[in-house]
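What follows is a set of structures to go through.
Heads up, the next two complexes both have chain A, just with different partners, chain B and then chain C.
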Partner chain A sequence: MSKKNLVITSITLTSIVLGLIISLGVLGPIPLTSIRPLGLFYALFMANRNITIEVFPLIVNPGNFWAASTEAITAILWDYRGLDTLFETSVFFFAIIGSIALFRFTEKEEHEIRKKTHENHASEGKYLGLSLITKTITKIILFTIIVVSAAIALHGQLTPGGGFQGGSAFAVAPLLAIAALSRFYLDDIGFKKNTMLLLRTMGLLIIALLAIIPVVAGIGSWQAYIMQNQPKEWAIIQLFPPKGLGVLLGSLVYYNIAELLAVGAGFTIIFILLSIPEEFYKKIIEKEGVEHG
Partner chain B sequence: MDEVILRFLWIYTWFVLIATIGLGLYGIAVKPNMLKKIISLTILGDTANVFMIYVGYRAVYPIKPPVLWTMNPSKEVLENFASQITDPVPPALVITAIVINMAITILITFLAIQAYRLYGTLDSRKISKLRG
Partner chain C sequence: MIPILHLSLISIVLTLGMVFAYLAISERDLLKAIVYSAGQAAMYVIAFYLLMAPDIVLAYAAVGVGVYSAVMIIAVKKTERYEKP
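Our next item is the complex of A and B:
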């Protein structure tokens, strides 16, 4: 039996065995009729804690688990396992830092790319981007995409959505702009690589600061919680007002805004880097090869 | 009868998801082209995410997202809420997995582009034979 057939056979056999095991009910009854106790725990403790005392009479001091968010997923993401999300955002940060390190270019080179591309297009009698109709419509759509992404992120603590989802929706805007209006349009409206890098770093710093503020403010007393959402009644220092402007606030809304900045700007950098013509990178690599021997 | 059909479809979907994961593994293990390996990796990651969401989903209607409409619910509202929502834990894990998956894909795509620029090939057999 050849190596390839061996791989195919082993993968097929494993799939069938795994499927049989699951259909016997290892992951729970099939189909599931009620949610698991852990999910129920999170879903109920995010709400009014006085009610949860009645539902879970065995749990000591249930107020400790109160997230005070109407949205269970955001409550889990930024409150129950907030530190995990913080480090996960750092992983995203370092992945983009790595990409920028591979695709580095200076301001001078960027200027050269711009000049050369304009010259090439002028000599061929073409304009940058698609037709005028497409360009105008794209500009209107760009505006609406950014508004929608902001709405998704700002309502993350009340409705489905949040910083990640908002940031991913936001990232569609630069991609569309590159396709319809050319990458130089992004420069003209201020979506430059370094500006985006600044915004992204700012977003991550805001998240880190928000996490640490309650702990720093609580030095001297033992009632501080890292990544605290709503002020706890028994804590001496109470931060992040629970209500304002007629909606529920807490700290989740600030986390979502910072995450929107971090994810949206991060993806924009990637699209800007990927849209640089290949020939310029070849030149840069050749130049570096000559310099370093 | 409906229950039997529902159960069959449920188990069938499990098999399809596991087979898709197997397909992703096959692509990563057998295909020599790096770009195809990356595509297989994204298939594997996305199927794992669907798998996770499927673990937390219920087949009993009505199904609602785990979002409360009031901050001070009565006990009846809360009990009703608990009997209708989907599990909030898997989506919270999946949203992290999606972002990490994206970050890893970006990094390895950039590495693959750089490898193509330097060596002129994406064939992992040829790249592994290069020295220096």
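Our next item is the complex of A and C:
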């Protein structure tokens, strides 16, 4: 028996024994298999149900705190804990600004590397990317990935999913394109670095505007809320249509679309920058060093 | 009543995840190690799904299997494929 098989067998045995011990309740109580109380609490508030009186006698649901979302995670992320998510998105935004500043090039230099790569491949008798069959299949898959990611984000307030999930699913598309079709294909279909930069800035701006609009509209009245989702009966500013008209009418869906733009475009920029050979950046930085002494 | 099938599926999937993690650590060919790591992420995706966390599934599948492996492959491409003993 080789060492590898021995280790794998011992891992399996340990996990079986540990599983038995835990399921017998030796290490402590077994977690609930029904809906947990906190989850039930949020689910009730989300759906604006008034049966809290039966389940939680001490908590009264006045019907004013509902998020108009059947998806608890999205409601918590963008309504109850909206500011947390806003700052989280900002952190991601600034992290990518750092890498853009590190890997910098102009459009002229980008054109140069394109020409040089094509020349190199032509001299070696090779073509860019994988075989024709792979390329065709990849193009079809690219389309489906983008559609699925849009569906994840746009249905975020109804079914599991949301802006970040949709954005990170979207990011797989440019990755596949770089691997199978070369990075120049991304340029050709419009996934340019500057376009992506514009899209993600737009995403964060939309989030910021949506958060601030109710406050700006309510200046002087002291009755407006930052990141207001559903109308409050005691607030003068009723930004989004009143409840009862449907679950789409809150601000959650717009936040999800903006987050999809910010995350998807941000990841795409990273992959575009990483796919450029290092010698290229070294040359640019050396040139800058000579120019600035 | 504890749903035995559900719990045993979770334990099988997590054990497989642990085996994949061991293989990823012990493998000297780094490209293979990345594939094992992606396998471990896939097992965790199934475990999260069984634990009724569909939002985590969506984010973890894209980041753990797709983005993470790709970034690691780029790193291997820019350095060396085989780990020195």
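Some observations on this one:
One rule holds for everything that comes next: the second predicted complex is superposed on the first by the 227 of 293 C-alpha atoms of A that agree within 3 Å, B and C clash if a C-alpha of one lies under 4 Å from a C-alpha of the other, contacts with A are read in each partner's own complex, and residues count from 1 in each chain.
In this section, contacts are C-beta pairs under 8 Å (C-beta built on N, C-alpha and C of every residue); 3 or more make two chains touch, one makes a residue touch a chain.
No experiment lies behind these values; they were computed from the predicted model shown.
By the touch criterion defined above, A:172 reaches chain C but does not reach chain B. In the overlay built on the shared chain, the residue A:11 is in contact with chain B and with chain C.
Of the two partner chains, chain B and chain C are each touched by A:19. Of the two partners chain B and chain C, more chain A residues are in touch with B.
With both structures placed on the common chain, the touch criterion links A:43 to chain B but leaves chain C unconnected.
Contacts of A:95 after superposition on the shared chain: chain B is touched, whereas chain C is not.
When the two complexes are overlaid on their common chain A, residue A:152 makes contact with chain C while staying clear of chain B.
The intersection of chain A residues touching chain B with those touching chain C, taken from the two complexes, comprises 4, 7-8, 11-12, 15, 19, 23, 30, 33, 71, 73, 160, 162, 164-165, 278.
Those residues of chain C whose C-beta lies close enough to touch chain A in the complex are 2-3, 6-7, 11, 14-15, 18-19, 22-23, 26, 54-55, 57-59, 61-63, 66-67, 70-71, 74, 78.
Put simply, chain A touches chain B in their complex at residues 4, 7-8, 11-12, 14-15, 18-19, 22-23, 27-28, 30-36, 38-40, 42-44, 46-48, 51-52, 54-55, 68, 70-73, 76-77, 81, 84-85, 88-89, 91-92, 95-96, 98-99, 102-103, 158-160, 162, 164-165, 248, 263, 270, 273, 278, 281-282, 285. Touching chain A in their complex are the following residues of chain B: 6-7, 10-11, 14-15, 18-19, 21-22, 25-26, 29-30, 55-60, 65-75, 78-79, 81-83, 85-89, 91-92, 95-96, 98-100, 102-104, 106-107, 110-111, 114, 117-118. For chain A in complex with chain C, the residues that touch the partner chain are 4, 7-8, 11-12, 15-16, 19, 23, 30, 33, 71, 73, 152, 160-162, 164-166, 168-169, 171-172, 175, 179, 267, 271, 274-275, 278.
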